[in-house]
Amino acid sequence: MSKSNEVVEALAKIFDADTGIYQQRGFQRRIGFGSRPALVHIDLANAWTRPGHAFSCDEMDVIIPSVQRLNEAGRAKGVPIVYTTTAYTNTEGKNGDTGLWRFKIPVELLHVDDPAVQIDDRIAPVPDDLVIVKKRASGFHGTNLSSHLNAHGVDTVILTGVTMAGCVRHTCEDAIAEGFRPIVVREAVGDRVPGVVEWNLFDIDAKFGDVEPLERVLAYLDEIAPFTSRAEVA
Amino acid sequence: MSKSNEVVEALAKIFDADTGIYQQRGFQRRIGFGSRPALVHIDLANAWTRPGHAFSCDEMDVIIPSVQRLNEAGRAKGVPIVYTTTAYTNTEGKNGDTGLWRFKIPVELLHVDDPAVQIDDRIAPVPDDLVIVKKRASGFHGTNLSSHLNAHGVDTVILTGVTMAGCVRHTCEDAIAEGFRPIVVREAVGDRVPGVVEWNLFDIDAKFGDVEPLERVLAYLDEIAPFTSRAEVA
Amino acid sequence: MSKSNEVVEALAKIFDADTGIYQQRGFQRRIGFGSRPALVHIDLANAWTRPGHAFSCDEMDVIIPSVQRLNEAGRAKGVPIVYTTTAYTNTEGKNGDTGLWRFKIPVELLHVDDPAVQIDDRIAPVPDDLVIVKKRASGFHGTNLSSHLNAHGVDTVILTGVTMAGCVRHTCEDAIAEGFRPIVVREAVGDRVPGVVEWNLFDIDAKFGDVEPLERVLAYLDEIAPFTSRAEVA
Amino acid sequence: MSKSNEVVEALAKIFDADTGIYQQRGFQRRIGFGSRPALVHIDLANAWTRPGHAFSCDEMDVIIPSVQRLNEAGRAKGVPIVYTTTAYTNTEGKNGDTGLWRFKIPVELLHVDDPAVQIDDRIAPVPDDLVIVKKRASGFHGTNLSSHLNAHGVDTVILTGVTMAGCVRHTCEDAIAEGFRPIVVREAVGDRVPGVVEWNLFDIDAKFGDVEPLERVLAYLDEIAPFTSRAEVA
């Protein structure tokens, strides 16, 4: 048995015990899909999707094709698509814009002019998509994401990307807090160390959003009505 | 060996492997203490601190005394102390204020008039403390916490309370995002299911804040200068 | 001619000249009504609606009946109704919650336990309404207002209350920023010094929201479909 | 007497009457300067500072030199300097990022690739400055401004720029709400229609921040201690 399988099995036992308690207490409910979704892809830029960078993540051979299929299904219905990346204009100076985060993780490696922070061209944005350059973990924090989705009448946020233990989780927590239904696509999220994908998906599904398989999310996107613009004066 | 020990041991193995990767990549740095801390106690109200409620948490025989000692040390230096609780004014009506969170967890049980949502009287607030009634997981989301701390010139947020997999984690993530140094007190945080305290502390220490033992935080509070008020016109 | 009329006439001349420039430049557009409104009543508590307080405002003989009619029309359609008041739990202590605002205006007079900060009983909230105790000028700042409206799928914010030069204006600016269509009801807003209602309505109508007469807003509320709850799992 | 003088005189009479009431009620207090200021320049980009654009503003022969002097004094002390501009990546498409603001003002003219939205090169940013591309009126809304200033321990926001009836006012209201002391530099703010500079400065000075002459702000910057970085681990 591989090491990775051992981790998954050890965690599965813990999740089983926890699920018993959660179910008894009334947690782990289903939030469900709304009718006006947006796709939000977290930090699928080269520093995370390609090997050799401090931020590189695993499982891109599954994540990238999953995002491609979600984008295809979403674009067919005209749903808003948002990408985030994390990048800074001043990673060296004394009045830099990394905030306090550089005291925990190597954000000084993410300069806005570095191709590493550009969205992976296998899932390149089209002009109608929005690319948000965020400074913190959550796609909502210090960005126009919430007001953008709100202005377009979005009620559901379909989340993909990396990392589960960082930016995807914080974005998911903020999404439900802001009033959006978070759906995390199981095959389309990842991280760079063993175990953290599993336990963060477990926590999220218990409390913050629904973790759903790719095929279920694709079926949902196929079923919904085309996304009509709210961008008209009454 | 008890079941709980098994969980801790299984997780410890995973954390060891992950730590190797994180250290190599430049994560798990120390953020350190600033000079103007506040104590922020998350959801230490009866529904969480007493048995018999859907929200009841474990380890209160350690958590409550830890918070008492932190408050004593903090009050000796005049540092701001903030408590949060989670409660709603309209848990039944169609225009209720639980947002979408009731589709995941039983927040309908947390009415603002129920003694269950009052802060545990073993760690009762004094008039100079601030009690925030929040609606979402993070103590910062939809509250005046950030502007309160900012107005008082706070630079460090010492976090306690419950739950690690929910409100404490989300608050910690927001704290560093807002520009405060988060310090999570190891003995003063808890949850209601096995494992989640450990893995959430692991994620936080890797990326969002420093997890520190109680004695170290008490020593820090003993060492710092008294908290001088910023509430004076220049 | 009364002094008040003089003020109005002097301002009218300025507004005419400004309107010429704004129209030529493409400002002063109409944002229009959406289909899912909420009523948001700013600071119509006794300190503002009754005489004898530092915060007392004028024109309550027009404002209060206007709000009564709006509430009647809104309740007939089940639209969410939100009231704000401004109040503090710690107006004296060194770690008080007034922030820096007490260095500009007498917020130390607004203690949360004082009947002065309760909503005027001529327009008393019913249990299904939300009452937000805010600390700052905007109803959105440091409150759950945005996530509350967003969770209920609101797209239009109908604003009333006081003061135009303070809390109503800041709330209106935040409303459009958050992605809601702001409609300010001409007869239902006021202030405590001459001129400021007029010039703030002028600025708002030019840039942030539509200023509409009461009868138009009542007609809109009569015409719209009943407000269906978004509070159901898909 | 010129038309502009007539406007100023008519307004001065109103302000005098209002001031009497405000003073009696305890408004119009002084917030004063703190010890760690930042300079925040609102929308001093070509579309606003140069003639011929729908957003062009007046008085640039006074505003630009004032900002130059403030920058010189601020840089001598190492205080953080932040510029904002307002620009969009998708001003045409159905999922555009202008939010609802295009229903009030011609934001569709402000594409992020247009030189019109670049900061005026007479007051060009240096690498250590932060340039924020905002989408809404306030420099704080949907941006990292608050967390940036907070991370650097800033307590005072010195405001310049345009327009007084729009972005400068909203930024000032948010600044005090967030816990920063707002100082608006009288000679360094402007707008594009008569009267609005005067009445918005009047409202701000009464309730949200101190309006100060340039020379007083320059003297303050000369007197303060150099801005020491908070960007060090304890």
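Note that the chains are named A, B, C and D in the order they appear, and that numbering of residues resets to 1 at the start of each chain.
In this section, a contact is a pair of C-beta atoms (placed from the backbone, for glycine too) under 8 Å apart; a residue touches a chain by one contact, two chains touch by 3 or more.
Everything numeric in this text was worked out from a predicted model, so none of it was measured.
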Task: Same or different residue numbers at the subunit C/subunit D copy interface, by half rule - done: same
Task: Comparison of A-D and B-D by number of C-beta pairs in contact, larger one - done: A-D
Task: Centroid distance [mean C-alpha coordinates] between subunit D and subunit B, Å - done: 36
Open item on the list: Suppose each chain is reduced to the average of its Cα coordinates; what separation in Å results between subunit C and subunit D?
Closed with: 24
TODO: For subunit C, write out the residues touching at least two other chains, lowest number first.
DONE: 30-32, 99-100, 103, 136, 141-142, 146-148, 151-152, 177, 179-181, 233
Task: subunit A contact footprint on subunit D (complex, rising order) - done: 78, 80-81, 89-90, 93-97, 99-100, 103, 127-131, 135-136, 141-148, 151-152, 229, 231, 233
- [ ] Under the touch definition given earlier, write down the residues of subunit A that touch subunit C in their complex.
- [x] 30-35, 146-153, 155, 177-181, 230, 233-234
- [ ] Sort out for me which residues of subunit B touch subunit A in the complex.
- [x] 3, 7, 10-11, 13-14, 17-18, 21-22, 25-32, 54-55, 99-106, 109, 136-138, 141-142, 165-166, 169-170, 173-174, 176-177, 179-181, 192-196, 199-200, 203, 206-209
